[in-house]
Structure formats: structure tokens, C-alpha cells
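The following pair of complexes shares a single chain, chain A, combined with chain B in the former and chain C in the latter.
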Partner chain A sequence: MATKKVICTFCGSVCDDVEFDVEEFKPKKFCKLGRSKFSKKERIKAPMIDGKEVSYEEAIQKAAEILVNAKKPLLYGWASTANEAIRLGVILTEKVRGVYDQCASVCHAPGTLAVIEEGIPGASLGAIKNRADLVIFWGSNPMEAHPRHPLRYSMSAKGLLIKGRNDRKVVVVDVRKTKTAKKADVFVQIKPGYDYPVISALRALIKGEDIDVDEVGGVSKEQLKELAEMMKNAKYGVIFYGLGVTQSRGRDRNIENAVKLIQLLNRYTRFVIWPMRGHYNVVGSGEVPAWEVGYQYAIDFSRGYPRFSPAEFSANEVLQREDCDAALVIAADPVAHFPKESVKHLKKIPVIQIDPFPNMTTLVANVVIPSAVYGLEAEGTAYRMDGIPLRVKKVIDTEYWSDEKILEELLKKVVELRGE
Partner chain B sequence: MHHILHIKNGIVIDPKNGIKAEKMDIFVKEGKIVEESEIDKSQCKVIDASNKLVVAGGVDMHAHIAGSKINTGRTMRPEEMRMVRQIANKFRATVGRVLLTSPAIGYEYAKMGYTTSFEAAQPPIGALHTHEELDAIPMVDKAALPVFGNWHFVLKYVAEKDIEKLKTFIAWAIERTKGFGVKVVNPGGVEAWMYGKNCRNLDDEVPNFGITPREIITSLIKATEELNLCHSVHLHCNNLGNPGNFETTIETMKLANGFSNDKRQVLHVTHVQFNAYAGSSWRDVGSGAAEIAKYVNSVDNITIDMGAAIFGHATAMTGDAPFQFTLHKLLNARWCNKDSEIEGGAGIVPIMYLPKNPVHALQWAIGLELGLLIDSDKVVLTTDFPNGGPFTEYPYVMAMLMSKKMREKELEKVSPFVQKAANLPSIETEKSLEEVIHMTRDLPAKILGLENKGHLGVGADADIAIYNLNPNEIDTSNDYELINKAFRNALYTIKGGTIIVKDGQLVEEVWGTTYWVDATKNVDMKAIEDDLNEYFDLYYSIEKENYGVEEAWIKNPTRLVMG
Partner chain C sequence: MVKSMIEVEVISGRTLDQGATVEEKLTDEYFKAVNYCELNEEDYNTLGLAEGDRVKVKTEFGEVVVFAKKSDELPKGVAFIPMGPYANQIIDPSTDSTGMPQYKGIKATIEKTDEKVLSVKELLEVI
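On to the complex of A and B.
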């Protein structure tokens, strides 16, 4: 049979109901974003050292030398690879006494800091589709960033108590009228950077206190009161928050305040909150190091044991301080996405890249190791945005090595070079 | 690597085989305990165990060591991970105070002479995550118990009184999750939590299902017994953590009346300390341990584990989501919650047990009372790690059970509330060394149905601990400090015939097996196929074919076929 069931490895929705025609090389049922990954794309042709094509063994030998000779290498990325590879990556970082950091540090890590402050009352996406009669997207825009999320899990998903779109209210809180906002029942437009006071106002109103102003963050008192009532009267509500909250003024404090709002709401009804995680396995890139070494990101091993300090050991902090003398970048593109000052240091140090696809980072990498695409050419474990584990499939044979195999060989080589 | 071993002149305590502190030799080959004649003495390694205690490796039958709960706990509590235990060398770097990283869990068990540990609550849809973490724990054998008591399939079949389908579903679910048995957490109560409620009593109705916890528990015992699983229903009772709940616990235990099994209990009630409170509020709370002990001692089909509370830091993490919310409100502490598809939920709250806090001191006393008042054949030593505290404090609990003098000293440090609210100060019982070995080795192995664990008979797994204690000389009543010290660091820990710890230090890393139970042989999956398809189609957020864990994905699986 040419059409096989696959699991999408693009965004944090990790849709597991999609199909792929292996003969035609054609994705079916995917959204636009997933389709782009599961279509014929330009690939890195072969392993390279300084632009010259070499064998996998030679590239791995060179990569191992770079890591072993470095005093403090940075191993960054991990959000778009499988747990099996991440685990080896964490162990490798511990071995070479480097710094492990992953994409969340420029993305959803403020949410992790909020978990440290207040915890997180959450639910799996299936529980939400079954029960949520009120769905609030706060600073998130699934119609564009997670296109099948509204249909499969949230806005119009059908489940146990909720039989469709008409059974639930959808609210969007954002600074502009996004595509998602156009589909919502209520759109609350707030001034950029005013998430924190708006949440505080809602907390006061839900507690039954009055607020002594006519508007907060561009939202009228009347509309805030309506929203507070909606939340309080919901049977099971959810806030899905996005980068609009984590990467605007207040950052982790915004989420912390939102979590406190949810704690309060659970004294009246049931309410949960969850981040709209981006890459398909960015959750795994935090969970795996958490069980292996205790922390999710920004982990330094220079003393031989893990230390966690986001303000010191996040990739950008390390790069801008010029506090690493080599880098391994896997399944990410810091050259395209990091600030200029960070990229400046990346250009100065030896860089190893492991990735199926060429990107801006390929241009600065000394050693380039192409890898198989998880979900299509390689099998492995990924965690959906709500932490639900899924084993993504291999449906196509390839000459490319998987990230797991590359890292396994690299780790062996490092151990050998270190004479252990 | 496996060693051929001759453990010479040790003082062996092996309760299952009736060996009470006898000087004898133990022989090991290919990971098993063998007869002397099987060993080529010129080839084997000799361990001189003269005047040392030789016992089977410890078996922890209830701890939270792997999966989304403990990992979310680690994420929420970096302050727990700041304690550095080991710098990376031949072994992994390890950190953790009470919560530990996966490598640290394996290493700390090994140092203590423990060689088996069971994850006590596996959220079924998260099974793959649990197994990934189990696979990251070195040194010990392990398994996971999936949670059933609020799963909609279970609630549906209980409502329909269809035991055949319930049995089929259990077999399906244990196979899919690569689980070990039937764990039940606050049956019905977690489903009620989806509506902001709880089921505190056995006769509270579960919303929309028209059934009660009483019916869920009874049906699950019946189904488990008819499937003849190696482990019984493993129950976290309703009404946990509330004053007066000891009555609910006893009433729950009575549900096992009429069920019996030649090999083992039919109901294991877990971390009973949290379910053994008398009184009607936190003002007049007291110990209900004596009443529970009286009941457990009077029947022969129930076992329990202590869930002892240890003073210091702990993290409450259970599938009992409504209880965790109550605890969050009570302590004004951080709170994680996770509602999971149609399977139940879970919660996590940090806690610290303070000796001068009357309630905490009472909890500490109750855990010990259960260990002292219940027959040694029916109570297993646990702390419900990390709920009651660290498993690394088992030696403290062992010493306390054996010494009234130690308890008197400890009682001086705790809230005087214990003097009136608990029985501990007046309990004279001192368990013997043999009893404590039994409570930590062959008893948990028997309760789990692991025939080759917890003892040193020929054919048993060569999981062995040697401690710096001479049972024939030690005075367990008075030498409690020695006991407490000796059990923390084994002289030798041998896992499957490999020496992994020597003089309390790690010497070799090994990877144990993960047991899972296959009970699919005696059921016909067709009976539930339509229901599975319907529920996955309507209520799950993943496809049925993507649900579960394949054996090939597990590092070192052992399949136990039932029936």
C-alpha cells in the first residue's frame, strides 16, 4: 500500500492522524505547515568538513575532536529531534563538560520559570476537547501557528461533553485581530505589554473585588467584567497561552500571574492553562534532560555536575559572553534566529551542525552532518505539546543516518578520544 | 559482567527459606543462586562475608521513580536538584535532595542494597514516557503499575456489570502500557474532580456513571482475581489525607471479603499512613492505625505498605488530583495538575514534614505505628517515595521498627501532640531483624508475585546485599545507630550476579530488566474491540494504533505470561 499512516513532526500538535503516499512522496490530510516538511525539500547532500564532502565516519571523528578539544562547548537545539537522540545529547554534554540548551530558552522557557514559581494546573488535549466549554487563546494564534489544533483539540473539536463548536465559547486575547480572533466569539484587544495588569484585574474581579479604573491595558472595565463572569461561569475552561505572553513585557511574571488566576478559578469551577509549544518535540528537549540531569534547559556541566541558571547558561547568554569555544547545533537554526551579537561569536568558533536540511547555520558550520527526517525516515519518541508521548514512524528508507545513530557514534568517539 | 561467586561464611537471613541468622555459603552463577556443586571453585570469585549479614536485595514495591509526575516535580522544584551527589566520572553525575535524577535513583538504591523498584502509578497514555525513564534508571529491576480506577472503560464496564469485558480491558491495557498490574487511585473521585468534586466515601456517586467507588473496587478485585494476575489490585483509597478517613479505609478493606487467593493477598492497600487518621477535623485528628492494624491482622487476604513520613522535604505526587488540590489550598503551595484524556488525572505539591508541626509529627508516628502493630507478614516498608519522603531513609525506618529506645529519643524531638493523639509512645513492640528483612525483601516480592526475588534459595535471582552487621552479635534494641548506618551503605550489592557496589561505593553499572505482565491469553479481544474503536474515535486525542508501548522499544524487557 502506497499510503501509510504517519505522525507529523512539524509543530507541537504532533497530529497522528495524517497519511503519506510513499510512492508519490505526497502528504495527505496535513496542514500547510506539516505539508511543507513532508514534501520534497532541499537536503544537505553529504557530511562535510569545511565545505568538502566526507564520509559520516570522518565527519564524526572531526566533530568528536572539536568537542574533546574544547574547554566548554555549547550543545544547542534539540527541539526537532527525537528523545532517543536528546538523551544521548545530554549524556554527551555531561561528558564534554559543556552547556546544554534548547530552543525553549528563546521561546517558552518563561513558562518553565512560572512552573517553578507556581506550578501549572493543566490537562491533556484530549481532556480539553472532551470537557472545555470555554477556550481562551491568550497571545497565541493557532490558526496560523498550529493550524489543526482548533479542529483536533480545542475550538471545534468534538468530545465527551462538548459536541462541537456551538457547545463552547472561544475567546481570543491579543494585541491585534489575528486569524484566530476572527473565528472567536469574543476578541479582547489589549495594549502590547499589558498582559500582567489585565490578568491582575481579572483576578480582582473574579474574587468579587472592584477595580478602581475605567480600563486596564486598553480593555474597558465592562469587557473585563464580562470576561471574568464568563470564566467564573464556565464548567471547564482553558487558557492556551503563546509567545505573545512569554516574550512580551513581564515574560515569566505574566505566566505566573495567569497561573495564579487559574488557581483562583479552581476555587469556583474547573480551569486549566497550557502553553502552545512550537516545535514537535520541544517538550522532549526539556523533559529528557530533566530526568537525566534534573533541569530542562540552560544547563552547565563545566564543574562536572549540572547547574541550571537561565541568566548565565542560556545559549544567547553564553554566546554573547563569548563563554564557549565550540558549538554543536542540532535541529535548530540559531544563525537565522539569534541576535547578531550571538551569531558573531558563533562565527568565530568551530561549529558542528546536525540537521536534515540546510539552513543559515549550515553556512557557518565547520562540520555538517546531515540526518534523517524523524517521522518519515527515522523512528523515535516525541512529546506532543501536552506531554503525550508518541512514537513517530519511519516509512521511507534512506542513506541518511538518524540523529540517534550520529550521536551514538559521536559519543563513542568522544569516550575513545578521552581515553575512558 | 556476571560473576561466578562464592559468598563465604556470611550470616544469612532468608525468611522465605526459613533461614534465621545461620552461618552459610551462597553460590552464584549466570545471575542466579545455585547449588555448591554447580560452581567450579577454582574459577570463582570468593567474597569473605565472615560475621556479616547476607540477605536478598531489597524490593521497593511502591515508589514514584519514573514518568511525567516525578519529572514535572523535578521541573517545578530546581531547588531539589541543587544537591550534588556525584560528579561525573566513570559513572553519571547525579543530583537531587529527595527528588532524584534517573541515574541517581538507580545508584542510591544500589548503595542501600536494594535491587528492585516498582513505579507505582503509570498514567496509561503516558506509558511510553514512564518506560523511557525506567530505561534511564541503572542498577535495579523495575516495572510500572498503570492506573485504572477512573478510566472510562472501567467505569462503563462496572456500570454495565460486565466483568468479562472488564477483564478483557484490563488485559488489553496492561499489555498496551507494558504494565505490571492493576493500580487504583481514588476510584471515581478523580472523575468527579473533572467537575470540581471528589468521592470521599465508598457510596458517593461518580458523576454521569451512576456507580460508586464501592462497585469499582469490588469489580476490579473480581476481574483481577479471575484473570489470576501475579499481583492483586493495588489500591490508593478514597478520602486520602482527611481526618477520620481510617473508617473509609477499613470499610474499603472489607470489600475484599469473599475473595481469596492461595498464593497472595487479593487486595494491597498502599501508603496507608495517609489513610489512617481518626478524628473529625485537624483540631481533633488522631491516629487510626490501631484500628486498621486490628482489622488487617484479623484477615488473611489483605496486605499494606506503610507510606511512612520522614521529617524534612518531600513532594506529594499522586493520581489523586482532587486531594492534591486540597493540599495546595491547605499549604498555599505550588500546584501542578494534569487531567488526562478519559483516564483520570494527577497532581503535584511540594511539602515539608516538620517535627514540631503537630499534624506532621502525627503522620510520622502513624507510619511507624502501622509498621509496628501490623503482623510482619502483612506490612511492607515504604515511604511512598517521594510523598512521605526519600527512600534513602528506609534504614532509619528499619532501625525505628527494631528499637523502642530509638523511638523514645526521636519522640523527644517532636511535637507533644503525638503523646495524646498517637499510640506510638506506648507501643512496646520491637521488630526483629528477621522481620524487618522480611518486610523489605520476600514479603514485597510475594505480594508482587515475583518468585525469584526477595530470597536466596537456589534458582532465585542473584540479587544480594551484604551489610556490615553481625546478626548474632548485634543488639537491635540498643545498637540502633549501627543498624541505621549499616543499612545505608551495603558492603556489597550484587545484582544478577554482578558486584555493583563495594564498601558503599559504586563499582559497576548494570541495567536491570523491566517486567511486564501479559494476560491476553485468556481473553478474547474481540469483546471490547467496538468499544475501543468508539472511545478512541470520540474521546481520545490520539489514534488507537498509536496508543501504547511495543516491547521492542524497551531496553531490557521481561514478559511474564499469565494463566
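On to the complex of A and C.
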């Protein structure tokens, strides 16, 4: 049969109800983002060293030499690959006494810091679909970043107890009147960087205290009171927060305050909070090192044992301090997505890239190793945004090696060169 | 009243087109998906902008030339640039010890310019 059931490997929703026609190379039922992933596009043709095409073995030999000769390499990325590859990546980082960091560092890692402080009252997307009668998107815009999330879990999904859009109230708190905001019942427009005080005001109002001002962060006291009442009176509420909260002033403290708000709400009703994770396995890029060495990101192995400190060992801190002398970038594109102050150092040091597609990091990489696309050309395990593990499939054959195979060979070569 | 410069707060973020072209960064489609700055209609008119016009966005941390677009999603005084290499020329790189640069809520000035919008490759050269 030409049409096969597949699992999408674009965003953190990891849709497991999509199909792919292997003969026509055609995605079916996907959103625009998933369709782009499962469509034909330019690939890195072959492994390369300084722009010259070489064999996989030669590229891996060169990559191993760079890593072994470096005093402190940075191994960064990991959000768009499978857990099996990430596991090898953590072992490799330990072997070369490098720094392990992953895409959440510039995405949802502030939430990880908040969870360390406060914990997280969460739920699976299934539970939310079945039960939530109040859905709040706070600084998140699923209509553009997770297009099928509203349909499958949060807005119009048909759940066990909540039968559809009419049974749910949807609120959007955002700086912009986004596409998601236009579909909401209530839109609360806040000023950039005012998430923290708005959350604090809601905490006060929910406790029954008065606030001594007419507006907070651009939101009128009246609207804040309405929102507080809505939250208190919900049977089962959820806040899905996005980068509007983690990348703005306050960062981790915003999430910490939001978790405290949820803890308070649970004295009155059932309420949960969950991050809208971006890449399909960015959860794995944190969970795998967490079960391997105890930490999710910003992990330094230079002393031979793992140390966690985002102020020192996150990719942007390391690069801006010029505290790494080589980098391996896998399944990510820091040259496009890091501030220019960090990119400057990446341009100066030897860079190894492992990725299926050419991107801006390819332009600065000395060694480029093309890889197979998980979910299409390689199989492996990924964690959906709520931590549910899903086995993504291989449905077409390829000459490209999987990240897992590349890292396995690279690890062998590193061990050999180090004479262990 | 038309002014030559306005003050705004810039935020960057995901768009559907940016996401759909994120694995094709060296194509024209990606270039088009990330090389613009959206402004509220009032701000857009204050600068006397028309379709195809370019603006220079300047912050304490850098400057970048991008195309200007009108948006009905933004309040006055807030500008939006899709996440990517253009936005990253002007965002605040410091992480306040969290590891996270400040990608959203950066004070900026915006002015109309005749300078050209650099390609993705040219942008990388000037960093």
C-alpha cells in the first residue's frame, strides 16, 4: 500500500494521525509545518570537509579529531533527533569533556528553572482534551507554531467530557492580537515584559485581595477581575504558555510566578500548566541527559563529572565568553537562531554539523555530515510535548545515515583516538 | 504627522511561513519569511511607509535593514520581526544568568531607509 500511517516530526505536538504516500512522496492530513517537513526539498548531498565532498568515514574521522583535540568543545542542538541519538550524544560529550546544551536553552529552559524551584502541576494532552473547560494560551500562538494542537487537544477537540469548542472557554493573553487570539472568546492584551506583574495581580485577586491600581501591564482591573473569576470558576483549567513568557523580561521568574498562581488555583478547583514545546523531540533533548546524568541542559563535563549551571554552561554564555574551542551542532541551527554576539565566536572555531538540511550553520561548518530524517527515513523514539513517548517511523529507504549511526561511529572513533 | 523616526519595543517570534521554511534556510522563501518588520498601521503611516519600503531598526545591540509591513495584530509602539537571523542582529544577547537571551521586548528606533536588505549569506558575513 502506498499510503502509510506516520508520525509527524516537526513540532512538539508530534501528530500520530497523519499519513504519507510513499510512492508519490506526498504528505496527507498534515498542517503547513508538517507538510513542509514531509516534502521534497534541498538536502546536504554528501559529507564534506571544508566544502569538499568526502565519505562518511572520512568526515567522521575528521570530526573525531576536532573533538579530541579541543580543550572544551560545545555539543549543541539535539531537539530534532531521536532519544537513541541523544543518549549517544550525552556519552560523547562526557568522553570529550565538553559542554552539552540543547535548543531549550533558547526556548523553554527558563521553565525548567522554574520547575526546579516550584515543580509543575501538569497533565497529559489527553487529559486536557477530555476535561479542560477553560483553556488559556499565555504568550503562545498555536495557530502559527502548533497548527493542529487546537484541533487535536485544546480548542475544538472532541473529548470524553468536553465535547467540543462550545464546551470550552478559550482565553489568549498576548502582546499581539495573534491568529490564535482572533479565535478566542477573550483576548487579554498585555504590554511587552509585563507577564510577571499581571500574574501577581491575578494571584491577589484570586485570593480575594484588592489591587490598589486601575490597570496592570496595560490590562484594566476590571478585565483582570473577570479573568480571575473565570479561572476560579472553571472545573478544569489549563494554561499553555509559550515563548512570549520565557523570552521576555522576567524569563524563568515569570514561569515560577505562573506555577504559584496554579498552586493557588488548585485550592479552589483543578488547574494545570504546561509549556508549548517547539521541536518534536526538544523534550527528549532535556529528558535524556536528565536520566543519564541528572540535568536537562547547560551541562559541563570539563572536570570529568557533570555540573549544571545555565549562567556558565548554556550555549550562549559559553559562546559569548569565547569559552569553547570547537563545536558540534546537531539537529539545530544556532547561526540563524542565536544573537549575533554568540554567532561571532561560532565563526571563529572549528564547527562540525550533523543535519539533513543545509542551513546557516552549514555556511560556517568545517565538517558537514548529512543525516536521515527521523519519521521518514529513520526510526526512533521521541517525547511529545507532554512527555508521552512515541515511536517515529521509517517509511522510505535512504543512503543517508541516521544520527544514531553517525554518533555511534563518531563515539567509537573518539574512544580509539583517545586510546581508551 | 509624518516623522522620520519612531520609538518602539521589538518582539521576535515564530510565524507559519518562518516555520514552514525553517529547514530551507538558503532559499528565497525563507529569506522572504524572516526579512521584514511588522508595524501597527498608525506607526506605519507615521513613518510615511508604502509597500516595498525598507526600514532600519536600531537597538542598543545592533541594527538591521528589513522590509516594512503593516499588521492588524500589533498595538501602537510594538514592532514584530519573525525569529531568525534578521531579528537576531538587534536583540539583547545577555541572558541574566538564565542562558536565555532576551528575544522579546527590546527598545528600538525605526526609520525609513534606502539601504538594501542583505541576503542571509551577506548578513552572516557582516557579523
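FYI, the second predicted complex is superposed on the first by the 420 of 420 C-alpha atoms of A that agree within 3 Å, B and C clash if a C-alpha of one lies under 4 Å from a C-alpha of the other, contacts with A are read in each partner's own complex, and residues count from 1 in each chain.
The definition used in the following text is that a contact is a pair of C-beta atoms (placed from the backbone, for glycine too) under 8 Å apart; a residue touches a chain by one contact, two chains touch by 3 or more.
None of these values were measured; they are calculated from a predicted model.
J.: Check whether A:47 is in contact with chain B, with chain C, with both or with neither, and answer first, second, both or neither.
T.: It touches nothing on chain B or chain C.
J.: Let me test your reading of the model: by the given contact rule, A:27 touches which partner, first (chain B), second (chain C), both or neither?
T.: Once the two structures are laid over each other on A, A:27 reaches no partner at all.
J.: Regarding the shared-chain residue A:364, is it in contact with chain B (first), chain C (second), both, or neither?
T.: After superposing on A, A:364 lies in contact with chain C but is clear of chain B.
J.: First (chain B), second (chain C), both or neither: which does A:389 touch?
T.: Touch status of A:389: first partner only.
J.: Kindly classify A:197 by the partners it touches after superposition: chain B alone (first), chain C alone (second), both, or neither?
T.: In the superposed model, A:197 contacts neither chain B nor chain C.
J.: Check whether A:275 is in contact with chain B, with chain C, with both or with neither, and answer first, second, both or neither.
T.: A:275 sits against neither chain B nor chain C.
J.: Quick one: in the complex, what on chain C touches chain A?
T.: That would be residues 9, 11-16, 19-27, 61-62, 71-75, 78, 80, 83-85, 88-89, 91-93, 95-105, 120-121, 124, 127 of chain C.
J.: Provide the residue numbers of chain B that touch chain A in the complex, in ascending order.
T.: 66, 68, 70-72, 74-78, 80-81, 84, 86-90, 92-96, 101-103, 125-129, 132-133, 136, 193-196, 325, 328-329, 334-342, 345, 348-349, 538-543, 545-546, 550, 553
J.: Which residues of chain A touch chain B once you look at their complex with the stated criterion?
T.: 5, 7, 16-17, 83, 87, 91, 94-95, 97, 112, 115-127, 129-131, 152-153, 158-160, 235-236, 263, 266-267, 269-270, 272, 286-288, 290-296, 301, 303-306, 308, 381, 383, 387-391, 420
J.: Could you please specify the touching residues of chain A with respect to chain C in the complex?
T.: Against chain C, the touching part of chain A is residues 10-11, 32-33, 35-37, 41-42, 101, 105-106, 109-110, 113, 141, 143-145, 147, 175-179, 181, 189, 192-193, 243-244, 246-249, 251-252, 278, 297-298, 310-311, 314-317, 320, 333, 335-344, 347, 356-360, 362-364.
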